[in-house]
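All chains are identified by letter, namely A, B, C and D, in their written order; residue positions are counted from 1 within each chain.
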Amino acid sequence: MSTAAFALPQLENPREKCGVFAAWGEPHPARLAYYALYALQHRGQESAGIATTSGRAIERHADMGLVAQVFDTATLARLDAHAHARPGTPGGAIGHNRYSTTGASSRQNAQPFTCFFRHGSMAIGHNGNIVNAAELRLMLEERGHAFNTSSDTEVVLQLIAHCDQGSAADPLGDALSRLRGAFSLVVLYDDRVEVARDPWGWRPLVIGRGPHGGWVAASETVALDVIGATFEREVEPGEIVTLSDAGVRSRRFAPPAERLAHCVFEHVYFASPASTVFGRNVQSSRERMGERLAAESPADADLVVPMPDSGRSAALGFARASGLAYREAIIPNRYVGRTFIKPTGEERSAAVRLKLNIVTEIIAGQRVVVVDDSIVRGTTTRSKMDQLRAAGAREIHLRISCPPIRHPCYFGVDFPDRQQLVAHGREVEQVRQVLGVDSLAFLSLDGLLGAVGADPAAFCTACYSGDYPIDIGTGTSKEALTRGA
Amino acid sequence: MSTAAFALPQLENPREKCGVFAAWGEPHPARLAYYALYALQHRGQESAGIATTSGRAIERHADMGLVAQVFDTATLARLDAHAHARPGTPGGAIGHNRYSTTGASSRQNAQPFTCFFRHGSMAIGHNGNIVNAAELRLMLEERGHAFNTSSDTEVVLQLIAHCDQGSAADPLGDALSRLRGAFSLVVLYDDRVEVARDPWGWRPLVIGRGPHGGWVAASETVALDVIGATFEREVEPGEIVTLSDAGVRSRRFAPPAERLAHCVFEHVYFASPASTVFGRNVQSSRERMGERLAAESPADADLVVPMPDSGRSAALGFARASGLAYREAIIPNRYVGRTFIKPTGEERSAAVRLKLNIVTEIIAGQRVVVVDDSIVRGTTTRSKMDQLRAAGAREIHLRISCPPIRHPCYFGVDFPDRQQLVAHGREVEQVRQVLGVDSLAFLSLDGLLGAVGADPAAFCTACYSGDYPIDIGTGTSKEALTRGA
Amino acid sequence: MSTAAFALPQLENPREKCGVFAAWGEPHPARLAYYALYALQHRGQESAGIATTSGRAIERHADMGLVAQVFDTATLARLDAHAHARPGTPGGAIGHNRYSTTGASSRQNAQPFTCFFRHGSMAIGHNGNIVNAAELRLMLEERGHAFNTSSDTEVVLQLIAHCDQGSAADPLGDALSRLRGAFSLVVLYDDRVEVARDPWGWRPLVIGRGPHGGWVAASETVALDVIGATFEREVEPGEIVTLSDAGVRSRRFAPPAERLAHCVFEHVYFASPASTVFGRNVQSSRERMGERLAAESPADADLVVPMPDSGRSAALGFARASGLAYREAIIPNRYVGRTFIKPTGEERSAAVRLKLNIVTEIIAGQRVVVVDDSIVRGTTTRSKMDQLRAAGAREIHLRISCPPIRHPCYFGVDFPDRQQLVAHGREVEQVRQVLGVDSLAFLSLDGLLGAVGADPAAFCTACYSGDYPIDIGTGTSKEALTRGA
Amino acid sequence: MSTAAFALPQLENPREKCGVFAAWGEPHPARLAYYALYALQHRGQESAGIATTSGRAIERHADMGLVAQVFDTATLARLDAHAHARPGTPGGAIGHNRYSTTGASSRQNAQPFTCFFRHGSMAIGHNGNIVNAAELRLMLEERGHAFNTSSDTEVVLQLIAHCDQGSAADPLGDALSRLRGAFSLVVLYDDRVEVARDPWGWRPLVIGRGPHGGWVAASETVALDVIGATFEREVEPGEIVTLSDAGVRSRRFAPPAERLAHCVFEHVYFASPASTVFGRNVQSSRERMGERLAAESPADADLVVPMPDSGRSAALGFARASGLAYREAIIPNRYVGRTFIKPTGEERSAAVRLKLNIVTEIIAGQRVVVVDDSIVRGTTTRSKMDQLRAAGAREIHLRISCPPIRHPCYFGVDFPDRQQLVAHGREVEQVRQVLGVDSLAFLSLDGLLGAVGADPAAFCTACYSGDYPIDIGTGTSKEALTRGA
């Protein structure tokens, strides 16, 4: 089925980042990881993996596909049995959902990565993107290292092993202090889990109390909720937290960056509406984005229609603030999945119509405000607008709950090349013409940061502003690591 | 993966009925069927199948799984090539999505069924349930027929062949006039498609103009929209419509029943919100159900929260009519699919929490109206209410946009046994206690029929009222056909 | 893997016929069938199936592939549990290996076929070919029957059901008496197994005592040996044997044909060397064929080399009778299986060389007698002779242990069309030129029948002589049943 | 199918070693490798893999399973397209069949292994066993290396990268000179293939002219024959041969060992009968083993029967030398493959009988000499002897064409632990009693070396004599590398 299939729903959406999870001291750490990864599935749908340690060796299962496809009861039982292979072993595991931002999307790149090294076994899961990965790999190659993959995560893994020579006091800390870029890491050793977050705090990472008294860490709070863990706190930028039989211990491998760089796009699109990210609930942030958008760019219209599912929260806020009627008139087809037979020319419109069905009775003859969360390439947005027009919409006023995306992300969001961004090099009016709507407005950057509500200076907004918190260099890792492939 | 998997999302929901499609005179009838079945996927997710005719023989592909899993480009190309195996062949196909209401759920029961008979080839797809299938099969067995499956659709197929002896004028009409129960049928012959609807009009069936001038038929209008066909009219109760090179012809095998019996549950739950069913748009019907529910059973509360996705339309109507704030605070996990590892005892709550994440910030301390479309067993509703309570809801007022379901359906809806229906033998107050909510109200039957808006006497409401439009007899087909299995 | 794969080893060999098995009164009849079908795998490698009865219903598992691929432990356990679903059920099963001689090779044609009919459940497995199947199907279609497949086995099944009307005394006997052609049948009912053999005795069928006191039937004695059953006797031509709780009972549906027609090709190629077929051990027959061949057509040569594996027995006989040295110099590659990537033009020779490796040290400079069992198309034989020549053989004297095959078989052997038989329309000298050998000789028909040793008049030798034991008619079933497909 | 399956045919046989292949300058190197690996399949059936280089990067496909299962047309086309990604690229590939002697048998251990290192890409395939792999890995771990697998091949790969620091003149030569043990290696770089053989010459490795003027290397000559290449010469012990656009170049990384150690078991069992190994044809060696065995240990018997397939060559020699009749009376079931449903207690005999069918007519009442190539555990040999006895053999005289195997192999043959070898700690008379035969004799070591015919001092016979050519040390690699697992 796969050969001629393509991923219809991903044409327009930015690709998800990864999700990570870790547990120590829980009786069934692999099953815990399974549920947690399910809850984090929105962060990565390409591969899934879990590793457990017996205290002497690591067992791992990872493959391409959704969590539900990669794991079955027998596999989880095997992983959990391994975690308790020796009596009294407290049970440690890490898990990973992946949508790669570097490295080809093949099975061998499915995380966690594992290795044998000087001090036993290690497994590692990574969310983010290491900007200086290519330089680090060149350095390691010069010292006789061989690399198995083109993933920046393997660079991290080998760097940790490399830093572990002689009488190194903190090989992990040494290694992490050499990394530049975004990373939320979970590292499983024979006797502990260590989780760490880059000094800029790009990606979220939280720790909590497990349901049986152990400790857990996860990308988002929604994973804690699902497994019945209680939120303790965020891992701080520049911090390593050790989860072991001795409980929780903290150390720093670097001070927090002077300029923090939380990814604002987590609030706009990535994170679960039910999560609390960087100290704020995501669903509430999104509703406020809609409210501010209504205040900044009102529309003279009959009703507000959300673009499901990602535009619904902001549309609610927009309707509330504007007093316009909120109607569900765009019905998503829940069965349009990852694989879809490539449509021929004339079927392309059928394929688009299939994704979303319009309730003509609601739309026909109306002046409609459509609210969506963001626009990337613009091609599918254009199709959707055409569909609305064909269903009889009299006027279409498109409102987007974040500013125009005009710059690539080097910190874990897989936006397409600059040239493919519809807002790159175009004024809003030009974008409006491309999309064929009667009016178009984006939420302002101030409006966005106000809706998120925290210290505006603590956020990375480079995809809108081009103002990158750190120097990117000439060759970014992404291209550099795969130069030969 | 499959052995220990169970279908989490189906515990509570009534099982979907089938979807049917037919085309004649279109250039790529199999691809057309593919898109149409995708649009009808909500009517059946267990198996999918398409058959095309070369004018001399039928080619068929059907298997367990979703449309996306069953078909690939090569299979569709083979089916379409077969449809045009002889120059000038106009191209005919039928398609079927299935969730069985009779017969075991195995691969050999995937429709369309095909056969060779006296006048060539035949393929058949069926949506509904034949009440007297067991009697008809016994009659045919007495006459030396052998049956391959326990499906009532095979009874229809063999009955058509059986009626085709000697100089029978209308074997199909003869056969259909002997059937009692609900059926919307598509039958593919070597030189035509015939589509038919039972005299009571239980299940929807519409015909339209294909995008290239041919003719199509489908269970719902949403399938016509997706393939770019234009709606012509409903097939009338008791009518056979022939789609062939000669265009559209109609004949009757029976007069419409004196008491029509459109399934009201199509409007409550089954049909796509974007479809027009029995002459009314479904999404609008559902919003009106919510409005009437607010009028009948208001609640002194702070906000209205929909149970996604099926309760959203009615919740919008409820919020509009009541003036209460509409908030999205229950977030469905889109990745919880058909297969799910069976949770152990203590994981059961994790499995429930996984399905829906609660936005605590919105719910905590609030008096909440929760709106859902229907309650069947009540077990998962109870879990969801507990989840809301755990998230801090101060009061929960549950509102259901149809009356209590207290009786089985013999016409194509796979409700569980009477004993498993939470409202069977219980007053509303007793159900409220079972569900653990502060107040509970169902939409009245009059309210429901008013919201649907058509002639109330034209609907079957037996699942609420126990008033069956036709005599069911002692042994219904469902049990009788599988007596030996 | 399958798309571009083709079946390399089957280019030249006649396709195997089917194998059947039946058991009653054994504790694990499905597992018994599994081992028996494994032992009969040489008779059919395309599909495998087993059915068991609970006394009320039949459970069946059948699919494309080898026995080892079709069955696993869980499936056999399920089938055996079904056989003992009711306490005291004695346990009945039938099994089938298939290489179709009529009907397309698809999954739905995998036997056993099952049905529900007037008297409960029935499953049927068939080895042979029904010459008048098309006529019988037309007759049944006229009477309103619908057919699911193009298989002659389904004609037999529906004919049995058809004969079971009113107060029919022996529906099975009635049905079988209408069949013309070759059949060894096993039929599983709710309360018994019935096994039957056509009046001409074309295909073998034997019965034996099961290892736990029950009764079994199988195509060949080798299946009895493997499961630890003891051979009782052959089923006689025209006999039905019932295996039930009452033990073994026999009745006749027809007298033995005046002219019996045991298939001599069973001894030449089909049957296992370890089996006793038509009263004679196969391996011994084949060695005698080689001895007679040496006597009829000696060669002035240095050594005798068998074509593995099918020519080994006759080559041994030839060497023994001729006094020439017997050397193994053609080494088959055991890993060249059913699927093989289609070779490009220049790779064709690599593909041929892969199948057989020549021991150059033994062949080079020698005058070699090569012994094989039969020649069908001649194309791969030609390749093999070229390979020997390239390895340095000075002279090649090809000896074949049966006469030239010049006529199609209508009784269960899937020889290609007449035109593709290399010996059709060619004298032996012409065939020698086609094959490029220094001398060529076939065993005479008298020699062959003498080697098999039984009454020569009891054998069908039509593929050599064209003298068919029964009238074939104008349209044979094979083409007729698939006329429309 | 896999869960409860076990590998019936491998209970008794020593596990096969690996096969390697390399090509440079051929137009379709991946397809060439495919055919070559097919020809070498007898050396490893667990996994298969092929890698090609574009001159800048390596593409690889490897998986568990037979060559036929791992590769399809599309995969080979992709690999060959990669080999010619840049115009004028001459096309290089290596291939590998594996039966691991170290490392777990999982997918990630399927070779070739690939890596990126200081000078580009590298892929490696290995046949043999490195005795000091664990020490080398410890050394590398001390220097900060991380290992992905427990395979000794990865140690070789990382050692090569490690030796490539600063201005190393010959990193490959440096690395190989540090290895102790058996290895025949193929290494693919961006611009060449390098193939090498350990200084003791344990495993075979030959080079030849490709069919289109390029160069190839393979474990056995049979692979050259199949692909139409011409044998040039063996790679010498201690030699590295470079195949590149500049043709063939040779260098030494070590002088040949004073005491060469060709594995005599290649002639006894492993290599293809059609191959020339260490300068002698294998089939002829085996026939001579049988002749010498007849001279050393004659038997007063009626006939000689080979144990198929491995005993056939020696049995022929035995019959020829003894003058006894040679009969094929043990018929192997060609369909008993790798997977087989685990038999219950009483079915064990059925499972054994299934593997081999006895021709009772030939065996009953006879005094039989059975000839086999070797005995390892003895358990299945005992079953086979019992089967012969049950078939009526009057006397059984078992003759084995090599000496008793009493010591483990550390150089690439996966014999079981010492304690499981039936001849370990037992005199021949005791083994005879265990096997239940009337007489038992093994070929003497002198007889074996005489049959192989070359310089006896050039062979490793440690599995018979315990006289290991090099010091093994206390911990062999096999256990040491997997210590933690």
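We take it that a contact is a pair of C-beta atoms (placed from the backbone, for glycine too) under 8 Å apart; a residue touches a chain by one contact, two chains touch by 3 or more.
The structure displayed is predicted, hence computed values, not measured ones.
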If I average the CA coordinates per chain, which chain comes out farthest from chain C?
A
With chain centres taken as the means of their Cα atoms, state the distance from chain A to chain D in Å.
48
Distance between chain B and chain D based on Cα centroids, please, to the nearest Å.
60
What whole-Å value do you get for the distance between chain A and chain B if each is reduced to the mean of its CA atoms?
36
Shared interface positions of chain D, touching two or more other chains
3, 74
On the basis of the stated criterion, which chains touch which? Give every pair.
A-B, A-D, B-C, C-D
What part of chain C is in contact with chain D in the complex they form?
1-5, 31, 34-35, 38-39, 41-42, 45, 66-69, 71-74, 76, 211, 222, 225-228, 272-274, 276, 281, 283-284, 309, 312-313, 316, 320, 325-329, 331, 333-337, 339-342, 344, 346-347, 349-351, 353-354, 357-362
Of all residues in chain C, those that touch chain B in their complex:
56-57, 74, 108, 114-118, 120-122, 137, 141-148, 150, 157-158, 160-165, 484-485
